[in-house]
Every structure is written in C-alpha cells, then in structure tokens.
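Structures for review follow.
Shared chain: subunit A. Partners: subunit B in the first complex, subunit C in the second.
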Partner chain A sequence: MPSLISPAERDYILKGIECNIRADGRQRPDYREVILETGVISQTSGSARVRLAGGTDVLVSVKADIGPVLVDPETGEGADKGQIICNVECAPSASQQFEGRGADELNNELTQMMTRFLSHNTTSLTSTPSNTTPSSTTSSHNSNGAGGINLSKLCIIPGEQCWILYVDALVLDYGGNLVDAVFMGTRAAIFDTRIPKTEVQDLGDGNFDFEVLDDAEDTEIVEGREDMPICVTLNKIGARHIVDASPLEELCTEAKLVVAVNRSGELCGLQKGHDGGIEPSLLLEMIQFGKTLGQTLIKQLDAKIKAEADADMVKRQNGQPVVKLGFFAQ
Partner chain B sequence: MNVSFHSPAPRTAISGSKAHKQSKQHGFEDMELDGDHEDGSNGSGVKDSTLHVVTPGEVITQDTAFMRGHGTYIENEKVVSSVAGVVDRVNKLISVRPLHTRYTGEIGDVVVGRITEVAQKRWKVDVSARQDAILMLSSINLPGGVQRRKQESDELQMRSFFMEGDLVVAEVQAFFGDGAYSLHTRSLKYGKLRNGSFITVPPALVQRCKSHFHSLACGVDVILGLNGYIWVSAHVPQNLDEIDTELVYSNKNKEDITPRDRESIARVGNCIRALADEFIFINDTIISFAYEASLQYKLKDMNKKEIMHAIATEATTAVDNMKG
Partner chain C sequence: MSRAELLSPEGLRIDGRRPAELRKITSTTCVLSQADGSAYLEHGNTKVLAAVYGPREARHRALVLHDRAILNVELNVAPFSTGERRRRSKNDKRLLEMASFVKQTFEPVVIATLYPRSQIDIYLQVIQHDGGTLQACINATTMALIDAGIAMTDYVCACTAGWVEREAAIDLNYMEESSDTSEVTIAMLPKSSKITLTQMESRLHVDKLEEVFRLAGEGCKQMYEVMDKTIRDRAEDLARKMAV
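Let's turn to the complex of A and B:
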C-alpha cells in the first residue's frame, strides 16, 4: 500500500517550510539526533547501527572473506586489487509500504547508489528512471578507487586471491532519510572493521600459498577508510530545500538530490530523484550546501567513532568487559 | 546546521510507583467488566502492588483451576503467555494484554483515520486496526445541510468528498461480520481534518475519556484518536450553528496560520511524541503540563532525547502532584 498524504497536510508542510518552521519544530538545515553504536554484531568483521531520532534504524555489517580476484576481461585491471560488494535490504517490517515486494525498487536503488559511490573513482551524474537525462561522467583525482578505500592493500596473492569486503545494510525501521543513515552506518562499520593479517609463502615456480593469522589482537584496519564519502539528501519542497526529511516531508518532495562528499570536500557522487525539476542556480546552491553539511557530518561522525573506540580500548586495558547495548538500547 | 551524535542509552523508566499505580488502575478500569473490587484494588495477576509483565513463552501459572483467555495458551497443563504484555486476572480468567498491538475498538470510539481507497458507495479507511475500516457514503453528511438526501450524482463524485490520503475524524458505529469497523461522520464535529499536522502513537496510550476533542490554552486544538492517530491543529473558532456546510469538504487550510501558531503546534506535537516515547498515557491534562514544562526549552531542542525525557518526567510529576 503506497504512503498517502492529504492536500491539507501537504499545504501545511509546504507553508511551514517556507517560513522555516517544519512540522516537528526544526529549521530547514537541521538534522535529527543520531544514535550510533559500532561493534554490535560479534560474528562480523565490523558492524554499526545508526538510528535517527524519529524512527529510522539501519544496521550495517562488513564481512571480510577470501575469494578469487576479479579481472576485467577488457582492461586486464583488477588482478592486484580486492573487492567491495555492497547490498542494501529494507526489512518488510520497517514500513507498511515495504510489505511483500514493495521494497524491491528501493533496495535496488540504494544498492546501486552504494556500489557507485563506494566502488568507483569517478564522479558521475545520474538520475533515477523517472527522469531520462543521459548520465555524464567526470573523473576526480581520487585515484585510489572504491570511494577512497585502498583496494590494492586488500589483495593477498596478485592474480589469485584477495580479500572481498561484503557490506550489507539492513533497514530495520523507516522514519525518513534512509540514504544518509545507510552511508553513515557504512562509514562507521568500515571504521570498525578489522581484517586478519595474512602471511604469504613463496613456494617457488611462481606458486604462492598463504595463511591467515588467527590473532584477534593483531589485525589490520581498512586502509583509506577516512576518504570514504557520506551522503547528504536534500529535498526540494516548494522553492526551498530541507535536509533529513521525515516520512511526510518525503511525500511532499518535488525533487530529491543526494550529494556524496568526502572529508576533503570533494564531490564523489550526485543523484537526482523524483519527478520535479531544479533550477540551475538552486542546484548549485544545494550542492554547495550539501558539501558543507557533509563535511561537518564527517567530522562529527569520525569524532564519535573515535571516542567510542578509545573508550573501548581503555576498558580492555583495564580488564573490564566491553558491553555493547545493541538491541537493548532505548 | 548542527548535527549531534550520541551513544545509545539503556532504557530508564520514569520514576514513581505513583505513575505505575495510576496507569495500572486506569488500564484495568476498562478491562474489568464486573468491577466488584470495592477497595479500588485491581485484579492483576498474582502480585498485588506490581505489574506482572510476561514475555512470550513465559509460564504464568501452574494452577489448573484458571481458565485461559486472550494472549495465552496451555502447554503441559501450564498457562503460558503467547504475547509480551501484562497479566490480567479477572476471577478465574487469566489473559495477557499485549503492550504493542493493533487498535481494537468499541462502538462509540472516536478515531482518526486516513482514506486508503475509494470503492463503490464507501471509502476504506486506515485506522491502524487489523483491517481497514469502512466509511459508507450513507454515513457522511453531504454538503448543503445535515438533512440532504443522497443522490445518484453523489455516488459518482465521491472523490469530491473524500479522496485517497485525506484524514478524517469519525466515530465507530458498528462492526461488519468480518470484524471491520463501520464509521460515521454524522456530526458537525466529525469530518475532514485541516490546518495542522499528524502524529502517531501506540494505540494503547490513548485512554477513553468524555471528549476526544481538546482545545489547549496555547491556541492549539488536539484530537486524540483512540487508535493512536492524533491530529494537532491551529484553533479554528467554530460556532456549530454557523458552520458553512458547503465548505466541510474543502482541502484549503485557513489563510492566517501565523508562525507563532506553527511553533505552538510543533511544540504540542513534540510533547506528545515525548510522552509516547516514555510510554505514558496521553490525555489533555498531561499534554498541557508537558507543554508548560517544555516552554523553558527552545523549540528545535525539543527533538533531543534528554530534553524529551525531562519534559515527560516533569509532566508526570505535575500530574501526580495534582492527583496526590
């Protein structure tokens, strides 16, 4: 069943946004509170749970697995690189509109967005199917690929075996602004990820064998994770734009712009959704605003992750158990 | 442009055995139909002064003398709970009232619903129950007077009355054979909702009281639907004799909703959400107290968890002081 809104509510929200008083009292550029916890799933290489006050609940897990390298048949590239494979799924219990196959389209859109922003080293401009403009690509000087993550470091034996990071995001509850929550969770989960060290032995004749060291204390972080992008979703309602929309505000959106930005302020991706149009001047303004807000978000998110990791380390050093609240939290 | 990141906190209940006792008595007043506990004590479970909360699979009692009611089943001669909730004992009948459940209504309940479908001579309304409720074309007031008769042309232009997505406030009139509610809006206080915003709370938190239409001192009207759907709107001074019956189905909000009104509406909305987060019963008294408690905070700060908790605590103590 699609979500519905009445004309009276739509008009109320529209006029409210015009005079900078949203339905819940926020102003246009205000974000809701974010509750973040990393390391909530012990069986993964890294995990994080992000909740936005208002209902959105996203769980992201990263599993590091060993597999064969993926070589591009045309360019021959990839023999010395690892892989990142992303998947986003919305649980049917998250919202009534996700019942049955209702979430399929959204799952696809979010998965492709994640793959694009995290796995490519080019800035691409695309719009979702409702708008048929051709996409154009421009390259950025982020030559590491994979949205900043160093894929070469993930290779174990060039041409044969590499680490594959499976990033899975599960949307547990829908309260608006899924994209931002998924990317924040992914960044936190990747920061939390620890990959075991491997020891490669040269057997001679070009044959190599490797062993995975099973030391829980001696693991590696994902290199290049600080340069991962996060997303800011801007919703154009009327002549203004807001961030962090609630479900009713999302129903009033004419055009949606997702701006992916990294900590240096570089634009890593852009996606436009919904049927409405955006004037060129407003488009530039929204992108600029998204970039600035994105950098603030990254700074605060990184600070929070670091604070949590430091606190955990202190506890471990003192011999105290590190207790994650997980799903017992409020 | 500020974003704040927090760590999760374990859930803390609002203090006060007083709050618990009050909510207990209120809750059980509905359930006990024979109400023959003269000393005002409730009939809850085996423990007297505390709520007996159970989870699915938990054994309630091993005594075979009890009959089992809703939310329980018998396994190995023991009465086991099948839902997460509070044990309700009425003489020999044990049942469990679940915490989170769909709205189950009685005849005469005032509910707020959203039109989901326009069918032949009726509308399907979502009231957060197990099935969509039905609003028959013959159960609404047609524009042009309360007594206007239904004509064929009305059936052909049903969307000019209610369209998909519209919010209505109605009363439960009857049940259909399959358990779906039949609603009616045959009073001038019922009908299409305008000039405000919509909030959802768990249905269990809205208690039955004399009136569900409240006009708060701050110039905000609140309609507390028993199904957990709440409408907070700007106060429209309405003399029931002078209502223009042609405009009851208009979609236009009133022109002069000032920013001040919007702030009050947002503030009341946030208060209701703060109370719902702490699972406190919602009625007009506690909303007024919560509103007063919230005036010391800035409107946009009201979305923060600690401030919501503070407001809810202050409102509960104010209500307790008023009663006790």
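Let's turn to the complex of A and C:
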C-alpha cells in the first residue's frame, strides 16, 4: 500500500467520485472482476483462491481436524458443538509495509473480524474496540451461531470429540479491499470443504469410540454453508460512498464501513473504521446499499462456484484430467 | 513402525522417479502487482512464492552501508503447507536459519555495490511443503531478483541430493527427507560451477560424498536450463509486446 498520497491526487479522486467517475473508470457502486478458483491446495479439506482484478490475491484453506470439544465454563454450552478457528495472515510479499511486524495489526483486525462474524461467542460480544483505529462493532445474534454453519453437525461424540475447522487465509498480494476478498474466499473454501464421515460405536457404559471412514468419494459437506455471510466494504469519501476501493482510494477514505450480510439479507455484522464520522442518515443508506449489493454478490459467487463444480464434473465424466490453474492463470 | 520402502528393487523411488531424476518443475515470473519482482516456483508439490522489493530506501538507518546495498530475507511458511496444520511463529528458529542461508547465498552474487545506501528485500512464502524447501526458495529468489532487474553475476541454482538406501538421489521429497536418509542442499553458479551454499543435516559416509555432490551438481545444471528457459520466454514475450 503506498503510504503517501499527494494533495493533487487526493483532490482528483475526491472530485472524480463526486461526478461518479473513479480513477480506473468505474462508477461508485461498481465492483471489480472477481476471479475465483476452488480446490487449489492439496492436503486440505477445502481451499479457494480469490483474485480481484487490480491485484488483491487471497488464498484460503480449510482443514478439518479432530479435537476435544470446547465447553464454555460459564454457560456449559459447546459440549455438542464443533468449532471453527480462523486465522488471517498478510504475507510480507503483499505490500511494502507488511514486512517484519508491520502486518501484525492488520492480521489481528482481520482475524478478529472473521472470528466474530463466523463463529462468535455470544458472551464476549458488544463494543470491543480495537486499540488504535477507533471503531465500534456490533454483531447480530444468529440463531444457528457461527455465521450460519451448523456446528452441532460437526460434533462427533458429544462432550468429547468434535471436528474443528481451521480456516487459514493468506493474503498474497494487496490491491485494496482485503476484507471482502477474504470473506469471499472463505465462503468459497467452505463450499469446497469435504469432511470425512465418521462411524460412532457404542461400547456401553457411556463410552463411545469412533472411526473415520477413509472414503474419498463418500464425504460430507459443511452444513449451513449457504447461510455464511460475506462482507461488503463501503468507503466514505467526501459526501459519497464507494465500494471495492483501490489502494489510493483507501488512502483518501474518511470513514469505512464493513457490512456483513447473508443470502437472506440478514445483517450479520457491522464494523466502522477510520477516524471520520458518518451522519446517521448516510449510515442507514450505506447499510441498506451494502445489504443489497451483498446479496447480489452472494448470488454471483454461488453461480461461479457452481459453474466451476459443473465444469469439473463434466471433465471427470469425460475422463479428462482436472487441472487447477492456480498461479498460472494470469 | 513400518518403514516405507524408499527404493524399490527395480530402482524406482516412492513417487516412481529414477534416482537422478528431478521432479516436475513449473515456474512463472511477475505474479504479484505490488512487488518489483516476483516469481512462483513448483518442484513437484513444493510450491514457493518469492517477492523482491528494491532497491529502496533502507528501513533502519543504523544498518545502512555507504557503498553497497543490504539484503534482507524473510521466510514465511503457510499453516496449511504441510499435511498437519501448524502455525509457525515469525521467530521460529528453523525459518530464521533458512532465511539467513538464503541471504548468505545471494550476498556474493548480487552486485550490491551498484546500489549504495539502499536495501533489497526478499520475501519468501512457502505455500506447500513437500521436501526441498530451501532449494525451491533459492531458485525462486533467483528468478524474482532477475524479474526485479537487480544485477547479479550469475544465476543461483539449488538442488538437494542424498543417499537413499543404496543409491544417490536428487530432489528428495518429504517422505524421503523425513526418513533416515542424509540430505545435502547445494546452491551453485552454473556458469563457473562455483558453489555458494552447502548445507547438510544428518550423517553421510565420506566415501559417498563425492557421488552425492556430483549428482547434485548435475541437478543444479538441469535446474538452470529450466529457469533460464522461463526467463528467456518471458523476456521475449515482453520484447514482442514492446515492439508493437
């Protein structure tokens, strides 16, 4: 991310946005083209790579491991649920300022955002401000918990063993709008995730033993994945707001609003960043806009994932090898 | 614990290769938008991404050298890179050691005197790990430095070699590395056949050393062919685009 922007450039961007023309020719509500590919990393339960035409490149992997259940000592909940543990890392190759410890703050912010929107604990919610960026956060209570994903289905032996989904996002290249790309990648990776089936045997006396069935064809999908939210980041520049900001536009941003929405249009999370203020009426307008755009994006994303899966199926039926382009698709 | 048969009676390794055969190598340069130079390299299933920033103003004034550039190498391994998910901290000793190996390898090769008082940053990201990480890192760094246009005296090509059961073999994969075989990593300048890095863990009988080194040298020469082809193809591609 270029850390400096000249006053002339800033003025150019500001005036352009007023007239609904952005620096790269887009209009205010226009999103850049999204290139999506799933199943790019072997040895994972699911993976996806999201690229925004402009440089942002995010790789997300989901690994399903078996571990002990996490029981909340206060409420006693969680004994019959699986877990989702998120982690976001920005590679130093992504931008000049990510070297050494430079990316730590951003990593932390993104990780916390993901954890909150995907697998929140209901007790530790409400106004947890991050250290330096003045922001306020709220999360709505999703009746399923965990961003729509059915955690109860991930439990193997209640009170003992469950599936833990480790979601690791790696930001390889920075071209603006990291949050949206990370969430889109996560949604695609969860769609791609296949969890092996388990067989539980009752040994009597309340003891259970389980066996993981090693059949690559007979696996389960992550239930509730269609209800996973994605994020739309809205940047307020001047009196207007834009989506999908480029790095220079992000430098001109006065206030940033991240809206997490699922396919039914429910608001799953909200976070405001940067040090500018947003008038309440503009805030409501932005949230509404983010919601509508989010639903459209989910539809497009799902269509892309489905098209890719169908194309792979056709290739397999014809006996052709399924080659993942990965880094070689420019 | 049953021991996997690393070398079959017919002389084939676990993945079906002959002992002196390299894995499939694919590479491409200029994959990142922000970095001055970048390269992506695959040695079979080992995937490494290298990004080079520089020469640019040094971060820490205290380290600046008045007559040459300083090299800074950072190595990151993704948590999903191995079969078992493991998050490695930035200060992991193994990673720091590998990063310093890469730095030592390139310090004599990069013509740093052309860029006084500046810093050249090399960031390596291991995306998938299936043996031969150090060799892949060195090879990817060479290509990324060339892509960034930084002057070097020669390519640096690296190759691992070891003694697998009864024969010397090159380009060991994860299974071969983690079992009881010895492994040597060699980085070589192909034109002069000079070696800039030798690193070995484990024990190797001195009688077998010459054979292993010779094979590694040949492996490096093969790597040079592959890397050179990629760079030249890209240069031709760029020249063609500029000519229009």
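In this section, the second predicted complex is superposed on the first by the 306 of 330 C-alpha atoms of A that agree within 3 Å, B and C clash if a C-alpha of one lies under 4 Å from a C-alpha of the other, contacts with A are read in each partner's own complex, and residues count from 1 in each chain.
Here is the rule we go by: contacts are C-beta pairs under 8 Å (C-beta built on N, C-alpha and C of every residue); 3 or more make two chains touch, one makes a residue touch a chain.
Only a predicted model underlies this, so the values are computations on that prediction, with no experimental measurement involved.
Colleague: Superposed on subunit A, are subunit B and subunit C clashing or fitting side by side?
Modeller: On the superposed model, which is not a single observed complex, subunit B and subunit C clash.
Colleague: Report for A:61: first if it touches subunit B alone, second if subunit C alone, otherwise both or neither.
Modeller: In the superposition, A:61 contacts subunit C only.
Colleague: Between subunit B (first) and subunit C (second), which does A:166 come into contact with in this model arrangement: first, second, both, or neither?
Modeller: Second partner only, subunit C.
Colleague: With the two structures laid over each other on chain A, which partner does A:203 touch: subunit B (first), subunit C (second), both, or neither?
Modeller: Neither partner.
Colleague: Where does A:43 make contact in the superposed view: on subunit B (first), on subunit C (second), on both, or on neither?
Modeller: The answer is second: A:43 touches subunit C but not subunit B.
Colleague: Tell me the contact category for A:33 with respect to subunit B and subunit C: first, second, both or neither.
Modeller: First partner only.
Colleague: Figure out whether A:175 sits in contact with subunit B (first) or subunit C (second), or with both, or with neither.
Modeller: Only subunit C; A:175 stays clear of subunit B.
Colleague: So which one touches more of the residues on subunit A, subunit B or subunit C?
Modeller: The partner that reaches more residues of subunit A in the superposed model: B.
Colleague: Take the contacts of subunit A with subunit B and those with subunit C, and give the residues found in both.
Modeller: 54, 328, 330
Colleague: If you look only at subunit B, which of its residues touch subunit A in the complex?
Modeller: So the residues of subunit B in touch with subunit A come to 1-12, 114-116, 126, 163-167, 192-198, 251-253, 257, 259, 262-263, 266-267, 269-270, 273, 299-300, 302-305.
Colleague: Could you list, by residue number, the parts of subunit A that touch subunit C in their complex?
Modeller: Listed in rising order, the residues are 41-44, 47, 54-55, 57, 59, 61, 63, 65, 87, 89, 91-96, 99-101, 166, 168, 170, 172-175, 327-328, 330.
Colleague: Touching residues of subunit C toward subunit A in the complex: what are they?
Modeller: Checking each residue of subunit C against subunit A gives 26, 28, 31-35, 38, 40, 45, 49-51, 53, 56, 59, 72, 74, 76, 78-80, 82-83, 85, 87, 90, 121, 123-125, 127-128.
Colleague: What residues on subunit A touch subunit B, complex-wise?
Modeller: 1, 4-9, 11-13, 15-16, 19, 21-27, 29-37, 51, 53-54, 248, 292-293, 296-297, 300-301, 303-304, 308, 325, 328-330
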